[in-house]
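As written, the chain order gives the labels A, B, C and D, with residue 1 at the start of each chain.
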Amino acid sequence: MQSQSAHPSSASVSSGVEPASLASSYRRVRARTERLCEPLAVEDYVLQTAVETSPPKWHLAHMSWFFETFLLRSFLPGYRVFHPRYEYLFNSYYEQTETGFWPRPERGLLSRPTVAEVYDYRCHVDAGMERLLAEVALAERPEVRERLEIGLNHEQQHQELLVTDIKYNLAYNPLRPAYRADLPASAPGGPAPLRFLRFDGGIVELGQGPEEGFGYDNERPRHQALLAPYRLADRLATNADYLAFVEDGGYRNPALWLADGWAAVQGQGWRAPLYWLPPDETDSDDWQEMTLGGARALHPAEPVCHVSYFEADAYARWSGKRLPTEAEWETAARAAPVRGNFVDAGRLHPAPAAPDDSDLPRQLFGDCWEWTASAYLAYPGYRAPAGALGEYNGKFMSGQMVLRGGSCATPEGHARATYRNFFYPGERWQFKGIRLAEDDR
Amino acid sequence: MQSQSAHPSSASVSSGVEPASLASSYRRVRARTERLCEPLAVEDYVLQTAVETSPPKWHLAHMSWFFETFLLRSFLPGYRVFHPRYEYLFNSYYEQTETGFWPRPERGLLSRPTVAEVYDYRCHVDAGMERLLAEVALAERPEVRERLEIGLNHEQQHQELLVTDIKYNLAYNPLRPAYRADLPASAPGGPAPLRFLRFDGGIVELGQGPEEGFGYDNERPRHQALLAPYRLADRLATNADYLAFVEDGGYRNPALWLADGWAAVQGQGWRAPLYWLPPDETDSDDWQEMTLGGARALHPAEPVCHVSYFEADAYARWSGKRLPTEAEWETAARAAPVRGNFVDAGRLHPAPAAPDDSDLPRQLFGDCWEWTASAYLAYPGYRAPAGALGEYNGKFMSGQMVLRGGSCATPEGHARATYRNFFYPGERWQFKGIRLAEDDR
Amino acid sequence: MQSQSAHPSSASVSSGVEPASLASSYRRVRARTERLCEPLAVEDYVLQTAVETSPPKWHLAHMSWFFETFLLRSFLPGYRVFHPRYEYLFNSYYEQTETGFWPRPERGLLSRPTVAEVYDYRCHVDAGMERLLAEVALAERPEVRERLEIGLNHEQQHQELLVTDIKYNLAYNPLRPAYRADLPASAPGGPAPLRFLRFDGGIVELGQGPEEGFGYDNERPRHQALLAPYRLADRLATNADYLAFVEDGGYRNPALWLADGWAAVQGQGWRAPLYWLPPDETDSDDWQEMTLGGARALHPAEPVCHVSYFEADAYARWSGKRLPTEAEWETAARAAPVRGNFVDAGRLHPAPAAPDDSDLPRQLFGDCWEWTASAYLAYPGYRAPAGALGEYNGKFMSGQMVLRGGSCATPEGHARATYRNFFYPGERWQFKGIRLAEDDR
Amino acid sequence: MQSQSAHPSSASVSSGVEPASLASSYRRVRARTERLCEPLAVEDYVLQTAVETSPPKWHLAHMSWFFETFLLRSFLPGYRVFHPRYEYLFNSYYEQTETGFWPRPERGLLSRPTVAEVYDYRCHVDAGMERLLAEVALAERPEVRERLEIGLNHEQQHQELLVTDIKYNLAYNPLRPAYRADLPASAPGGPAPLRFLRFDGGIVELGQGPEEGFGYDNERPRHQALLAPYRLADRLATNADYLAFVEDGGYRNPALWLADGWAAVQGQGWRAPLYWLPPDETDSDDWQEMTLGGARALHPAEPVCHVSYFEADAYARWSGKRLPTEAEWETAARAAPVRGNFVDAGRLHPAPAAPDDSDLPRQLFGDCWEWTASAYLAYPGYRAPAGALGEYNGKFMSGQMVLRGGSCATPEGHARATYRNFFYPGERWQFKGIRLAEDDR
C-alpha cells in the first residue's frame, strides 16, 4: 500500500531496511505520541468518561507495555521490566498473557502511576528499544521486525484513540474546554454538489497481497469477489446534507431506522450526531458542534462526523441511497492515492472536499472513517496467528461493522485501501462519516 | 420452494389457488397452533421467563392480531375489532401502526385477557377470516393473497417460538416438568463417522427467484456470488462431538473464543450448551439435558443443540474447521429435498442422522437451525416493502447472524433452501446446532 | 390486646383454649384465605408484577409451607411432606432452614405447581393439621400452641398481602380489570373538618405486656418512655386534603422532601399517590384512582392511601405539621376500641371517617396503616427468639419505618394498639395513609 | 461543648469574638485543608472511585463555593464570582439554589478546572473573606457570624471526607500507594481486657442547649428522655476482638445478621472489614490492612474500623451484647473531656486505648466514629431552618443511622458530646468502629 502513498510511511519497516532506519521509524512514531499529548494538563491524563474510551495516561503506558511485552521481554537479553505490576495494569485485552488485566471500565480510577511515572516508563522502554534496534543481529531477526511493525502500527492506532478520547473527555465537561485554541478553521462556503461515480464491478481482487508491505492479518488473504455495477458518491455527506435529515424529522421517524438503531435513538435520546449542540442548548441561534478547538458553528461544507452506523444507515435510507460494501469501497479506493486530511495536517477536524475534476471519489482517505454496509468478518481463508498477538484482530469478528479510509485523527502513513477498521454499530466517538452509494441499473 | 418438498406445504397459497383451498390452508395452519398448546396448563400460558421469549398466551393473541390488523381491518367490510386495546397489547414491534405497543419485557406481567378470552379472540378472528376467504372477489385480490401468505408463514414462525418458549419456561422451573411425557426417544447408539463433502464453488445463484413460490423479502432478489471450492460436514455435530470439546476445557480456554463470546462465557457462567445438566447438578453420574419430555441422559448421536453462535464458532475453531457461509450452505441445499425432522414429526427434539449413502449432506432440513458464518445483511438490490409489513425483516439487519435449514420445532412446509433465519450471536433458546465446513485446497 | 376488641379474634388461641376451639380457629382463618381468592382467574394466581409483591399462588403455597415446616414436620408423628422440593420453592426468607429458597424476584416465573396442585397441597396440610389438633396431647403442648398462633397470624398477614398484591397486579394491567365488580362505594360528600386532639404525654408504658394475649416478639418487652404533650389529628388525611398538596406543586418543590424522597420523586416520576390517575391519562376531567373495584373518581372524603413515607412526610411538612411517633400513636390508641374498616367488612377500600363526638381519634384501626415518624428498631431489652422463627421480625430492624393501626385489607382481629407494621420508606403498594400530629406548646 | 474541651476549638466563633479573631479562625481552618492536601500528586485530586466519595479537587472547590455562596455573594458589596459555572459544578446538593448541580456520580469525570485553577478559586474566595471579616460592621452581623461558623464547620467536615476519600482512592489502586510514608505505628501489644461501666439512666437531658456554643440544627432542641440503667464497654472493640468473630465464621452465619446486612455480605462478597487484606490476597501469612501509610499487619489492640452498621450489629449479636443508643452514648460522653486521637494528632489511624483507671469510657472521642443503635431522626421539636442552609442536615433524616464521637480523621475542636453524625447502614469508608453496650439488670 505504502507504495501508492505520496507520503513516506512512518510506520513501514519492511524487510531489508537498515536497523538505523528502524530506530528512526521508531523514534518518529513515538515522538508523534508525545506531541499529541503536549496540550494536555496533568488532570486530562486521568479521565475515562465512557467505558469505550481510555485515559490518555493509560494509552501512554499501554503503548510502552506493548513494546515491553512483545519485544523487550522476548528478545532483549537482560531486559528488566520497569514495574512488575504494570503488566497487569496496562495489558488491554490479551487473555493469553499470564497475568490477566485491570478491568477496562475502571481505567479512570487509578491516579498512580502518575503521569511523570508513566513518562519514566516510556523512557525506560525507549532505552530498551534503542538497545534492541542497535544490535544488528537482533534487529534483523524477522520476528523482531514483524513485531516492531505491529508495535508501531499499534502505537499509531492509539494515537488516533488518544485524539478521540481526549475530545470525548473535554466535550463531556460543561465548561467546554478546547484541546488547542489555535486550530485552523475551514473557509466559509457551502458544499459542492453531490455526484455519483460509476464502477463496473465484475470479479474483483480484495485484500492485501503478500508483497504489498505491512498489513494486518484481517486484511488477508487476497481473494476474489463478484460485484454488480455500482455508483459511489464523489464526496462525504456534509453537515448541510445531514442537517436536512435532522430538520426533516429523521430522528423521530422509526420507518427510517434499523430496530437496534431506533432503540438507541430512544434509549439514549439521540437528536443529532454526537457533539452537535442544538440551538436550545447554547446561546446561539444556530447549531454548533464541539470540536477539539472548542464549540464552533456547524460548517455546512464540512463532512458530518461522529455518527453511528445506525445514523449513517438511516440517513442513507432517507436519501434513497445505501451505504457501500467494503468490497465496493476498496475497489474504488485501490485506484486513488492515499492522500488526505490526516492527523499530521494539524486540523484535527474534517475539512470540506477540495474541488477536483478527476473521476476519482474525493475524501477517500482522511477526514472521516466511512461506515460500510459490511459486517466485520473473516475473509475466506483467514486464520488468526497463533499466540497472544493472534488476539489483535480476529477475536473481534462479531457484532461490528467495517469502516474504511481513515480520519483526520489517523496518522499519516497508517491508512491504506485494504485497511479494515471496525466498531460496533452504536459507537460514535470516533471520527466516522458517511459516503452514499447506489446500485447502477 | 415448496415444489422441491416431498410434503405439501401447509402455508403455500400461491396465486391461482381456489378460495376454498385458501380457507383450508388457513384452517390447517391455525389448527396446528392449537394442537401445540394442548398439553399446556392454564398457568403455562402466562409466563415470560426471559426477555426474548413471550408467554404462549401472548403468541396466541399476537397471531390473531396479525390477521386482524393486516387483513380483516383492511379488507373485510364491516369487520368489528374484538377489543380496542388488543392492538396495543398484541402488536409486537410494528412502529408504523398507530397505537404503539406494550413493552416487550413486560409481556409476562398481564393475567388478563385470560386464556379463555384469548381463545375467544381467536374464534372471532377465525370467523372473520372465514367470511373474508369465502368472498371470492375478496379472496382473489392479490394483496389479500399476499398478506394471507405472510400471515400463515407468520403463524408458522410463532409455532416454532411457542415450542421453544415453552421449553424455556419449563426448563427454568426447578421441578423440571415435561411438556409431554410421551415423546419418543432415539434408539441407543453412537454417532456415525463424520465425512466432509466437496463442493466446487464458482459463480453461484443465491436467493429466491420470482417464480419460486412464497418467500420473505429478505431472501430476494436472486443474485450471483463467487465461491471458492469448499467442503461441508455430511451431518450435524453431535452431543458426543461437543462433549469432547467441553471435556477438553473448551469453556475455559479464551484462545478459542470471540471476544464477545468469552465475555458471555464469563458473564453468564456458561459451562455447556443451554439445557445441559452437568453431573454435579443432578443425581446422575453422566451429563443430562432438559428436553420437552423432561430431563434425559445426553444421547451421543443426537445433534448438539441450543448453542450460541459463539459456541458454534469456538467449537469449529477447536475442531480446526470453520462454520459455512450462508452462500455455501444454500448452494449445497439447493440440491437436496426439503425433508427432515420437523415439528409435525412429533419428536420435538433433534434426532441422530439416518444412514445415507448419497453424496448429499444429511440433516440439512429440520433437527437444528445451523449457524452460518454470515451476518444477517441485505442482499444486493434488497429493498424493504413499504408500510408496516416492511418492518417484518429488514429492520433487523444489524448485529445478527444467519441460520439455515429449520429445526425439529419448525412446521413442515415452512423451510426451504433460501430461507434466512437470524438471531443475535449470544442467543441459545432456539434449536440451533452446528455443521462444520472447511476450505478445499 | 384482643380483650379490648369488640370483635372476637379469629387468630387468638391463648392457653387454656380447648383443642376443638383451636381447630375451629384454624379453619376460620384458613377459610378466609380461600374466600379472598374466589374472584381470581387461574391466570391471576401466577403474576409477580413488582419484586416486593408475590404471586397469589405463591402466597397460598407459602402459608401451607409455614404450617408444614414449623408444626407438621416437627410435631406430627408420621407426617409425610407433600413434595420434597416445595420447601425450596415456598420458603420465603428463613435462612436457618436447610434448603435455601427460590429467589424472591423470580416467584412469578414458575407455572408449576399449578393452582390446582397448590390447593392439593393446602388440603394435604389441612388434613395434617386436623390430625395434629385432634390429638389432645399434642395440641396442648405449649410450643404447638405458640407456633399455631404464629402460623395463624402469619396467614392473616399474607391475607393482607394477597389483597394488596392482587390490587397491584390488576392495576398494572392497561385493561384496568376489577377484582370484584360489586364492591360498595362511599356515599358522596366532602371531608369532615380536621381537629387536633391533645394528649398529655409524660411517662408512658409502651409495648405488650406478658398477659395481653398474642403479640409478636417485636412488640415486647413492655417498657417506659417519656413523651412531651402532643396533639393528634382526629382523622386521617383525605384525598381532598392531599389533592390540595398535589395542586400546590407539592411534587415539584424539593424544599418539602427528604433527600431520598426527592430522589424517588425524580427517579420514578411520582406525580401523585400510587393508583391515582391524572386527568391526562384517562378520558375523565377529574382525577381517578384504581381500586379493587376498578377505576373510580377520587372521593374527597376517603383517606388518601398508597403513599410512601416520603410523601406522608412531605405532606406533613407542607401542612406545617409532622407525623406522630409510634409512642404517641400507641398511647392514644390504647384508649380506643379496636374497631374499624377491616377486610371482613368487604369494602376493600378506605372509607370516610364516620361522624363522632368522642374525644378519641377516629380511624385509628382499619382503613389505612398510618406512617409514623419512628424507625423500626428494637425496643429496649428486645431479644429475637432462637431458631428460624427468630427471623420473623428481628432481622428487618434496619432501614424501615413503623406503621400502625391496620387497614381495610387487614383481617378482623389481627390489629391491636401495640402492633408494629414496618416497610421501607419508598414502598407504596400497601394501604398506607397519613395522620398528622403536632407538638403541644 | 467546647468549654469542656482541653483544646481550643478552631472553628468556634461565638458572638462577642473580635473580627480579628474571626479572621484568624478562618485562616486556621482553611490552612488545615491545604496541609492535608500537601502529600497529593495532581492526579490524586481527580479521582472518584465510589459514588459516595468525591475527588479531592471537588472538595476543595466545594468548600470555597460554600463561602462564596452563603457569605460573599450575600454580604460582601461588589463581590465578583470567580467563574459563572462553578456554582453549577460545585454545589453539592442544595436544591434551593437556582442553578441545579452537576450529577454527583460524575464528579470524577471532570479534568477542568485544573487543580491550579481550583487553588486560584480558593485564593479569590480567601481574599473576599478577608475583606468581609476586616469590615467590622459586616463581621459583627449575626447572620455573618452564624454562616461563618457553619462554613468553618462545613470545611472541617470536608477535611474529614478528604482524608477518607483519599484513603479509598489509594486503597482501590492495586499498587497500594501510601498517602504518607512517615505515619507513626502503634507500639506492639495486645488489647486491654474489656470492662463494662454502669450508668444509671433515668430522665436525662439530650441535645445541645442554647448557651452551649456552636452546634448543628440536628443537635437541637435540648430535650428529655427516659433511660433504663445500662452498661457501656470501656473501650472500642479491637482488631483482635473482631478477628475472633471473623474466624468463628461470622460472615458465613446468616443468623447473626440483619436481612439487609446479609444481602450486603452476599451481594458484595464481604469477608472482613473494608481494607482488611486476608492472607490469601497478600504474600503475608497474617491479615493485613490498608492504611493511609500503606499496607500493614493488623494490630491486635487497635480498634477495628471501616465496618458498616450491619457488621457492628452482627458483631454485637455474636458477642451477646448490643450497640448503645445515641441517648446512652451522649449521657456517658457528657461527663468526659473532648480529648482524643483527632486528625491533628497526625496518626490518621485509630490507636490502642491508653491505660486509664478512671470510671469513664476511653476512646469516646477520636479514633473511630461509633455506630449507635439509633436511626437518624428529628429530635422532638426539631425544625429545619428556612432556605438552602436548611437542607444541611434535616433532609437526610431517613434510612441512616447515628454515629457518635469523631475519628482520627476529625479535626480537633469539631467533635462534641451532642454531635450527631449519620450514614447509611451499609457504608464503610469512614473511620467507623464499635463500642458494645448491654442492659443492666
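FYI, a residue touches a chain if its C-beta (ideal position, glycine included) is under 8 Å from a C-beta of that chain, and two chains touch if they have at least 3 such contacts.
Please read these numbers as outputs of a predicted model, since none were measured by experiment.
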{"item": "Touch-network distance, chain A to chain C, counted in steps", "value": "2"}
{"item": "Taking each chain's C-alpha mean as its centre, the one farthest from chain A", "value": "C"}
{"item": "Chain A and chain B, separation of their C-alpha mean positions in angstrom", "value": "38"}
{"item": "CA centroid of chain B to CA centroid of chain D, Å", "value": "61"}
{"item": "Centroid distance [mean C-alpha coordinates] between chain C and chain B, Å", "value": "48"}
{"item": "Residue list for chain A, restricted to those that touch at least two other chains", "value": "none"}
{"item": "Graph class of chain-chain contacts, one of line, ring, star, complete, other", "value": "ring"}
{"item": "Listing of all chain pairs that touch each other, if any do", "value": "A-B, A-D, B-C, C-D"}
{"item": "Parts of chain D lying in touch with chain C, wherever the complex brings them together", "value": "93, 95-96, 203, 223-226, 228, 254-255, 257-262, 309-310, 313, 322, 373-375, 377-378, 380-381, 390-391, 395-399, 401, 425, 439, 441"}
{"item": "Chain C residues touching chain B - in the complex, by the definition given at the top", "value": "41-47, 49, 57, 85, 88-89, 102, 108-115, 169-170, 172-175, 177"}
